[in-house]
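Shared between the two complexes below is chain A, which has chain B as its partner in the first and chain C in the second.
Now for the complex of A and B:
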């Protein structure tokens, strides 16, 4: 996936942007989808799809703790993604042309 | 010709008997006066309860313990159930502690989660990954009181025991924060669910009203396997963290909530008053 595609995926919705801000400010956050939704003032139904997209991108990881599924930021993957987005941004000028 | 000394020879024994070796094994809080009160620091691997009401500086003291640990080469983890890491980072920065930098260097982690996830049982524990990643020597849970929201009162002691044993098994020296609305009365009851017996050491923080001003007192109520300072010491929250001052030697009844000057101090006050009067006459 190119840096541009990654950027488009990351910023595809307001909820996804809220999730990005939450996990970037709080990289040690480990919670259920329900708990994460509550932390950004939403419900699990509304954030489910966006969490799924970020899991697919690899930015978030999921694991089972007892009877609960939790999600958390993959710090190494996050660094990679940031780098790829930064490299992409370097290739475009303010007007948006390459 | 002198006999060569073994590395574990007489010098080691000298240290042991002089108490130096034991002192070196202690987990130093890095707060000089507190370490003196603890006769060198906490015992390695111990579970310490840090109890106090809101605003007494539990979080500050706990963070200071972890930050000083990092400075001594001991990675630390701060588990919070209430505040988001962002807030912890900001508050720590006010004391000059750059937790973000420590996190980037893999020496520190702020984990924010729900107490219910800590209570989950199964093959994976919530903290398994982070314990493996940064191999902490110190860990703080802020606070154990939050487990009460998810556990029946009768099960609280058993669940807390499980948490304490998990940390001990991993060789981590833990500080467990406990929100005590008040620590007073003759029984010195810190928790009403019997957790005092589970921990190895209890440090209590208490606001005290003396002569119409609020001051703060710190006391070590319990320390398994070690002598410790039994006195109530005054402390302040300064821009550099917790600073422990002298003992409240002139007052009694601080814990019961009715502080009064000790008899000798009252006598001295009378004597000083009489002496002043005589001088004026």
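Now for the complex of A and C:
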């Protein structure tokens, strides 16, 4: 996946951007999808698809703790993803042409 | 509480900002605009930095994204040239953060207009500066 594709995936919705902000502000956060949804003022139904996309991208990971399925930030993968975004943005001129 | 705010469409011949019957002189207006611009730039830095990381923020700063952050049209143009459709999402998180700082309600379901949102925030910022 190119840096541009990664960027499009990250900024595909306001909920996804809210999730990015939440996990970057709290990189050690481990919570259920329901808890994460409440932290950004939404319901689990509305955030499910976006959490799923970030899991698929590898930025978030999921594991079972006791009876709960929790989600957390994969910091190494996050660094790698943001690096690819940064490298992509380096190639773009603010006027619009590469 | 009555406030009248002179703006681009104001009929006020001196384009002054008024609070009740008391006009605000251009020096105070300049101070208020400078203060708003600083709040906005800080908000953009924080919102973009939190969403995409500080490396990305530094690249965007080097590319001049924040040079005229208080000029909403110019900022919007630059953001679109860099992020395409993602620009609207970034603008939303900037406005959400700005509104939180200024105590303005944010409704993510409502139709979004970046320029209008900034204008509202600017007016609130001006009124608050008058109350201090």
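Throughout what follows, the second predicted complex is superposed on the first by the 98 of 98 C-alpha atoms of A that agree within 3 Å, B and C clash if a C-alpha of one lies under 4 Å from a C-alpha of the other, contacts with A are read in each partner's own complex, and residues count from 1 in each chain.
In this text, a contact is a pair of C-beta atoms (placed from the backbone, for glycine too) under 8 Å apart; a residue touches a chain by one contact, two chains touch by 3 or more.
Remember, it's a predicted structure, so these values are computed and weren't measured experimentally.
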Practice task
Could you look at A:25 and tell me whether it touches chain B, chain C, both or neither (first, second, both, neither)?
Solution key: both
Problem - Partner chain in contact with A:35 - chain B first, chain C second, else both or neither - result: first
Practice task
Give one of first, second, both or neither to describe whether A:8 is in contact with chain B, with chain C, with both, or with none.
Solution key: second
Problem - Partner chain(s) touched by A:82 [first = chain B, second = chain C, both, neither] - result: second
Exercise for the section: Answer with first, second, both or neither: which of chain B and chain C does A:66 touch in the superposed model? Expected result: first
Problem - chain A residues touched by each partner, larger count belonging to chain B or chain C - result: C
Practice task
Name the contact category of A:90: first (chain B only), second (chain C only), both, or neither.
Solution key: second
Practice task
Name the residues of chain A shared by its contacts with chain B and its contacts with chain C.
Solution key: 25
Exercise for the section: Enumerate the contact residues on chain A facing chain B in the complex. Expected result: 25-32, 35, 39, 63-68, 70
Completion exercise
Note: in the complex, chain A contacts chain C through residues 7-8, 10-14, 16-18, 20-21, 24-25, 82-83, 85-86, 89-90, 92-96
Fill in the blank from the handout: chain C residues touching chain A in their complex are 47, 50-53, 55-56, 59-60, 63-65, 78, 81-86, 89-90, 92-93, 108
Problem - Residue ranges of chain B touching chain A (in the complex, touch as defined) - result: 84-86, 103, 109-114, 116-117, 120-122, 124-126, 129
